[in-house]
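Once you scroll down, you'll see the structures, which are given as structure tokens.
Across the two complexes that follow, subunit A remains constant while its partner is subunit B and subsequently subunit C.
Up next is the complex of A and B:
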């Protein structure tokens, strides 16, 4: 079964059950993502993929990676409202991801594209920058695809951290699949492939993360 | 009965306790939280060796065991004393001067909140509401609730604690 919908004014036919994000990509329309990965279950934590959707005359904002297409939907992937949401999200994430005031990787590209003021929330940010936005791509890829369970989340709320379990991480030396996934560049620049100094469960337990 | 934290480091002991806890739920993975609660009651906290045993015996990735153990406040990943002191910092108790109560306890025991005394006797914790606001300010010592205790009352309780 296919459904017909409109994305950015373009008539699109999409298979029923796929997400707005997938339908848009098939139609060649780019939507930014930070926590989405084609091989993983949708996570819906970064919200950067938010789009405007109009169904039966009602407009709402949804995360395109977690919302299925529907017959007759009208989707806008860019609008003043969407741009403002994305800009603010980047600004909120910036203080924890910046290294010496500079963003890296995907975050840097997005900040430029949306004209984000990366210093906007700096003065109100009191924690140590962890450089992790908790997108969970590393954790979920290791769980769902690689199956090694070498990296996982610990703690909750503002204390949540992604940590490596060195004794499980023998495979990391050759795998390194998560290195390229990390949207902030934390993993490639902070891991040493072996004992994960400063990134391990022992560091977490010692209260150093 | 509480097992002292130094003794709990011995691994054979851990594997036995874990075997019992895991066995009592028929090795059901879904019982992970229950298993951890039981072990927390045995050891007073969840030592790394115990968590790794749980992972092995329950066949659940160690990552997942740690995620659960570090998520809930009911679990402690740090050694705790034989006696747990919980001072209520909930709104009602705040208004009724629980910060002063905490200061008094800190001074009497010469330890800061979130600390465990070096002799392994006490752990001083703060909690957010013990559910009996009318008794505030409240401190629970080994789950016995004390309403607005005087310094002398506290001293007596602490002295009787081994």
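Up next is the complex of A and C:
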């Protein structure tokens, strides 16, 4: 079964049940993502892939990685509203991610594309920069693909952190699958190849993360 | 022990009659709210014990008994003792008052005048609950039975006709008819969103899936709100009965009651209620011989505000972390364990038996066009009569605050009413004649919410209010999605700065910018609404923000960093009261010598301001203007102390 929808003015035919993000990519339309990974279940937490959709005359904002295509749906992947969401999210994430005031990788690219002022909230950011945007790719990859469950989330709200569980992290020294996933480069640069050192649940509980 | 099982509608009816006829009409019932944790903390347990002891001592066991009940509503005057059948109402009772009540009221039916409620404005005493303005304007259809039943005794509930609605639904109505009745009642979800309950039921009923679940959300967590706790503690069977009726209409045979961990008594009473209902065969297989099966488990929450969000609650019941998940498919279609699931709030379920018993037409006769029935509010903050109140929809906020709440303490002026908790907003004084109605409150930028209502007077700073709710959400957000987590973090920092006089030009625009992105892009409703307290205070009190940022002035003189205390030498009579009460010994002066405050030592605790006798009013709060020079040491008092 396929459905017909419109993405950025382009008529697109997509398999029923796939997400807007998948349909857009098949049609050659790029939508930026930070927490999405093709091998993982959609997490829908970075919200960078937000798009505007109109179904049955109703307009709303959804995340394209989690929302399925529908017959007759009209999708806009860029609009003043969407651009503002992406710009402000990058600005809000920048202070915790930047190293010496500079963003790297995907974040840097997005900041340039959406005209984000990465220093906008810098002076107001008083927590310790964690260099982690909590996209959870490492956590989910370890759970869903590797099956080791060596990384998880601790805490909630502004105290949420991704941490290694030392007793589960025996395989990490050889695995290191998460090293290449990390969009900010935190894991490879901070773990020094001994993955749970300084980055573990004990460090979290000691208030050091 | 013989089986207690009730196996038909007739037997249930007979049991109800037996319980009612066994009750001695001449026997007085002493109703005390020991089954509410707040009543307990105010000493209701000791009073109940003393009553039992004094009744025994007076040999009145045949003439009077103590009934331990849930919350009775008038928390301001706790502990309260109500004596039935007369309905005599005693307030602020202490254990030592008990012998007098026993010898006068229980033995002779006489009133103990001094324990009656006295109206602070008219000075009149009220003998009965119905004579007290706090109660006379209420319509306690859901909450009213609390004072008459011991929640640990299912017979108390059945004696008042309890489970009659279930029996009616099972034997006189088809599931479709029950659903139709609830739809026609126009009942809307009491948890905050106000979604039509019947429509939710219908979607769940029509969704495909072998197994369907019904859930009770008792994860109430708004600051200052305790309606659901008080129903769950005080009348758990009303919720169970509603749940059973809903399950029958939806075609569900399994339910869960999610009770937050911080509600230990509600949890215990729910467990007890389920156990007793099971013993009677009201839960289990072939309920009342109808062929309908239903079982229910009580799930103890794990202490997070966000777990009250529907998908988070379902995650928690499944054994996962109580965090929301994306719900582009409604939970009514794919909820708990991927099955169609109907989640309703405690108060919503408790309304169901009433609708089945008395019909949708009756229910529609109460309330406004768009909001039917009653709503329970926890009326708290700067209001004379704090407590739980149940009022018909459509009553105005003014009636609620003044007629029921008795107005603002110390004759202060009302500034705003906060409704809807951290997801809601403030409603300023000029909108006080707005009727209580889901849609009307939303139009003002606030929301009905689950029923928290915090009254604020002129001494409340609106920026500080926003800061409080934003800080609350900073800790209570799950932290998964970036707009909510990072947006709240930055809002908190900006609001902290503004309250400390470190606000900057552009801050207001930044707040609006962040708030908009949180509304548009957050994963769940917590993030989507968390900025509302900031947005509504900005909408109605923008000038307060501007005063903080541009003039370093807090108009309410509440933000400590922007407020100083000063003793006016022309008004000070050197009475020493402020000096004696100052916790940091920051006040100098002696008899006949005007007092002054050492600003270095002052911690701005407001004590001097509060203790300075109103007839002097010599202590002033100063914000946004230079502090006058203190008087020269040894300046003598110029003001004469009058009588």
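Assume the second predicted complex is superposed on the first by the 208 of 209 C-alpha atoms of A that agree within 3 Å, B and C clash if a C-alpha of one lies under 4 Å from a C-alpha of the other, contacts with A are read in each partner's own complex, and residues count from 1 in each chain.
Here, a residue touches a chain if its C-beta (ideal position, glycine included) is under 8 Å from a C-beta of that chain, and two chains touch if they have at least 3 such contacts.
All values reported here derive from a predicted model rather than from experimental measurement.
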item: Contacts of A:187 with subunit B and subunit C, given as first, second, both or neither; value: neither
item: Which superposed partner A:156 touches (first subunit B, second subunit C, both, neither); value: both
item: First, second, both or neither for A:124, with subunit B first and subunit C second; value: second
item: Broader residue contact with subunit A after superposition on the shared chain, subunit B or subunit C; value: C
item: Touched partner set for A:116, first subunit B, second subunit C, both or neither; value: neither
item: First (subunit B), second (subunit C), both or neither touched by A:201; value: first
item: Which superposed partner A:23 touches (first subunit B, second subunit C, both, neither); value: neither
item: Touched partner set for A:93, first subunit B, second subunit C, both or neither; value: second
item: Which of subunit B and subunit C A:168 touches, first, second, both or neither; value: first
item: Residues on subunit A lying within both footprints (that of subunit B and that of subunit C); value: 153, 155-156
item: Subunit C partner contacts - residues on subunit A that touch it in the complex; value: 42-48, 50, 61-63, 66-68, 81, 84-85, 88-89, 92-93, 96, 120-121, 124-127, 133-134, 136, 153, 155-160
item: List of subunit B residues in touch with subunit A within their complex; value: 48, 61-64, 66-67, 70-71, 77-78
item: Residues of subunit C touching subunit A in the complex; value: 304, 306, 321, 325-326, 328, 473-483, 485-490, 492-494, 497, 510, 513-514, 516-517, 520-523
item: Of subunit A, residues touching subunit B in the complex; value: 139, 143, 149-156, 165, 167-168, 201, 204-205
